[in-house]
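A, B, C and D label the chains in the order they appear, each numbered from 1.
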Amino acid sequence: MTLVISLTLFVLAVFLGVELITKVPPTLHTPLMSGSNAISGITLIGALVSAGADHRALTTWLGFAAVALATINVVGGFVVTNRMLAMFTTRKPKRPAAETEA
Amino acid sequence: MTLVISLTLFVLAVFLGVELITKVPPTLHTPLMSGSNAISGITLIGALVSAGADHRALTTWLGFAAVALATINVVGGFVVTNRMLAMFTTRKPKRPAAETEA
Amino acid sequence: MNRADFIELGYLVGASLFILGLKGLGRPRTARRGNLLGAAGMLVAILVTLIDQAIVSYWVLAAGLAVGSAIGVLLAVKVQMTSMPELVALFNGFGGAASVLVAGASFIEAVDLGLVDDQTSVAAAATAIIGAVTFTGSVVAFAKLRESLHWHGFAGIRIVNAVLALVSLGLAVMVVVDPGNTMWLWALVAVGAVLGLLVVVPIGGADMPVVIALLNSLSGLAASSTGFVLDNTLLIIAGALVGASGIILTQIMSVAMNRSALSVLFADAPSAGGGMDADEVYAGKITKTSAEEVAMILETANRVMIVPGYGLAVAQAQHAVSELAKLLEANDTEVVFAIHPVAGRMPGHMNVLLAEAEIDYEKLLEMDAANPTFAQTDVAIVLGANDVVNPSANTDPDSPIAGMPVLEVGDAQTVIVIKRSLSPGFAGIPNPLFAADNALMLFGDGKAAVTAINKALAEG
Amino acid sequence: MNRADFIELGYLVGASLFILGLKGLGRPRTARRGNLLGAAGMLVAILVTLIDQAIVSYWVLAAGLAVGSAIGVLLAVKVQMTSMPELVALFNGFGGAASVLVAGASFIEAVDLGLVDDQTSVAAAATAIIGAVTFTGSVVAFAKLRESLHWHGFAGIRIVNAVLALVSLGLAVMVVVDPGNTMWLWALVAVGAVLGLLVVVPIGGADMPVVIALLNSLSGLAASSTGFVLDNTLLIIAGALVGASGIILTQIMSVAMNRSALSVLFADAPSAGGGMDADEVYAGKITKTSAEEVAMILETANRVMIVPGYGLAVAQAQHAVSELAKLLEANDTEVVFAIHPVAGRMPGHMNVLLAEAEIDYEKLLEMDAANPTFAQTDVAIVLGANDVVNPSANTDPDSPIAGMPVLEVGDAQTVIVIKRSLSPGFAGIPNPLFAADNALMLFGDGKAAVTAINKALAEG
């Protein structure tokens, strides 16, 4: 893949990122931040390649540390976001349920 | 460039196209249609490569026809869009000008 | 940086300009700049392409560019405002045809050089069918909007189309399986051309703007698949952008017309004549009026709503109407305009015309804002509008326009309808509004009629 | 299809899921599904990567994934709701650090194999600086939000930062010019780490959410530039998506706090203590009240507005408040809640807590809707809020919160403030509201105080 193609992918993704996040209500700022933070842990993919390559001890250990750190970011990020969003949405389902019971 | 990279560019551009055109007011439907139609004349680039390659007479003539047709699409498209949009916007500047004169 | 990189970088700049251009075109304030950005992107792309090593015979290009530019500018500058949608359709068809030719030429070349791989042949087949459908479909849309084609197809046209679609699929498979024989590709183009024709022919003219948006989307996809044939990033990206935004635009426009995009495409050919008979609707129930009488009514009105339609465009009555509004306002009458989203022959048609006559933007009400206020209106003047004020859209489920939201002018105390005759509008159906008790018909050319009212008002 | 193509296709699926995920996260209805889509994208990406030919030692990966997942889940499940922003900051820092390590390892490898080209070295240098800044910046943000770091830097810190930025630029050039010596890269990481620390240290805790959003954007960019090092499309795309959306989110959040993103970053260290002295503001002007008196006042009120703040979260008073609202409504009093966008310690903090107590969504007014209605309100109950109701934001241009829009509770007939003492809120400044004529202070823990009011109401 040439550099310019990589750049093209980068530029398209930047435009897309800008368009996707417009007029988000303040209530969602925290989960959005945390969810996109989890996505930025994508560097895990790179860490897997580095750590798995078994090139020499130093890079393997760097890779191991990178895998662990990136996994914390990814797994923790998605779990915590889900927890947050669960709080936002519990309210709605509960009410109608209570009403239909009554 | 591998097929999958091409596909990746295609998919990113599709997402982007969808995000760009949301909630356009009806007044702009015609110019938007006409402007994006002019952009779809990008096939002109391909026509230039085909017609310029001088491979054999048939393809050169096909290429020539393609260049001419695509150029009509591109040039005519942008000019007509500009004409349309000019109609929409003339009103605004004229008024204040008239007022400052008075 | 080598030459190939330089070209790619130029393409990236071009793609970015197209993205910014499309974004700009979606917002009223930035639309014009958006169009210019798109044009700039195209210029960059062309210039960068011209330094491509593979290009050796510049005279062909110069000739093609010169011929195309001349025709394009001529058409674009000469066209009447009311004919713009047709012209867009025609341009769009040319784009589709160009994609077919480019893909065909490259395919032939690749076959000659023995360089055909699966990507090339699949993409060439896709371009052939999409581009051919775009071409003939657009030409039919053009002819229908010009009203020079009145054929609505034949019974069973949908079955024929399904068969053609299957045939084209088979041919596409042959292109991939047997790429040595380029005849498969041209056969595919031919079948695609017939398919495009037959798919668009049954669609009513009123749905044409939606069809054109869809064909525009297809021409984008054709360009994109040409990009797969040529391995060209800019074609892929720009084509995909237009393809996607065209689909969304189709969707938005269908919603504005209260149709689904699918129902537009696959609706049965409308039964000629519609649900009602004109004589039955109008017989003995039409009240004529004169310009003087209208002037008298207007003099005592507090609130007047003007509903313009296609007839305003035909009569070029916008300046006369602006004059009328000024006269009424001088008499302390409130004047507003109610604009239906599909009044006229293209979206935004009425806005363009009224803007030309320098009528204040604030006085133009959109349908949703206008409808609740007709009940508090003394006089509604329907000027060359017909379908967009046809109450049978709400009342007659068999009507071809059933379900389309319309301007409820009947709620006003008095309705004055200005048109030349009782002949129908675009949808070809009679309008019960004209027979309503509170409706007065002022027959005549729109501009002449309004001028006469203005004269009577100024004298009275 | 060969293995490389298969991986690329998996990456395309992953990227598409990320895009759909981000899109979902921006809308309340789809946010949860959006997060799951993002997680699914990550899973696809990981699985696909594991079949990469270059991966030979799976045990390292298994160990790393296991350790990371265990720690991540533990932290995410154990964390208090109020500590979420810190945790996000910490996670973010780990992501930045991981990018640095990956880029470093790949760079060393490329050097060993003699495969370094300009793209690799430029991208590695970019990752080193961006990733290092992200790491230490995030850790500082974490410490500041935990309130375990109170250092605000030193005079001239901005000059030091400018020098460090220049030094890092120089080192980056050396990385590219002299790639054989990997020490340049590690020196760059070290300088970046110090720079990240010193840039974030002077920023006040109230601005931290904006800083975290920005650091998040940086960690995206670090991932993207790691992608350039590794020639990995998914890293490039996902990183760019997060980088761009993070910038926009930073922008949106700054606007919500009435700051510009630049002023957040480069504002001078706030002068300790602010513009006013607490003793001066409060001396002799504070009126205390009791739960019984408050209950009496509430009994005659027609309209009560409750303004919750960080103290509500500390006291876990949400259920008591919900009870209070029910009691008042049983007495035909209208009860609404006024939610400031930055009340609490994270955006949406109050919404989360009140939702937990099953308070109706319709009763929560946003600031712009709430402010005009205080004048028609009999009693405003300020429950553990402080900065968000501080009138000096409007009146004192020297205040650290000057210009921040606040809830104008002073317009209500009576204001009841429930907090434990006169100690300041997050911004560390006194609040003239407490000394206002119509303000009554009810000192005590939020939950205990509200419970006492409820008891008095039920008995009275």
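Throughout what follows, a residue touches a chain if its C-beta (ideal position, glycine included) is under 8 Å from a C-beta of that chain, and two chains touch if they have at least 3 such contacts.
Predicted model, so just to flag it, every value in this text is computed and none were measured.
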item	value
Most distant chain from chain A by Cα centroid	C
Length of the line joining the C-alpha centres of chain C and chain D, rounded to whole Å	47
Centre-to-centre distance between chain C and chain A (centres being mean Cα positions), rounded to whole Å	42
Computed distance of Cα centres, chain D from chain A, in Å	16
Multi-partner residues of chain B (at least 2 other chains)	1-3, 5, 8-9, 11-13, 15-16, 19-20
Where chain C touches two or more other chains at once, by residue number	15, 19, 23, 233, 237
Interchain contacts, given as pairs of chains that touch	A-B, A-C, A-D, B-C, B-D
Touching residues on chain D, where the partner in the complex is chain A	15, 18-19, 21-23, 25-28, 31-32, 34-36, 38-39, 41-42, 45-46, 49-50, 52, 54-58, 60-61, 63-65, 67-69, 71-73, 75-77, 79, 81, 84-85, 87-88, 91-92, 94-95, 97-99, 101-106, 108-109, 112, 119, 209, 212-213, 216, 219-220, 222-224, 226-249, 252-253, 256, 341, 346-349, 351-352, 355-356, 358, 361
Residue numbers on chain B that touch chain A, as the complex places them	1-2, 5, 8-9, 12-13, 15-16, 19-20
Contact footprint of chain C on chain B as seen in their complex	1, 3, 6, 9-18, 20-56, 58-60, 62-92, 94-95
Residue ranges of chain B in contact with chain D within the complex	2-5, 7-8, 11-12, 15, 19
Chain C residues touching chain A - in the complex, by the definition given at the top	4-5, 8-9, 11-12, 15-16, 19, 23, 233, 237
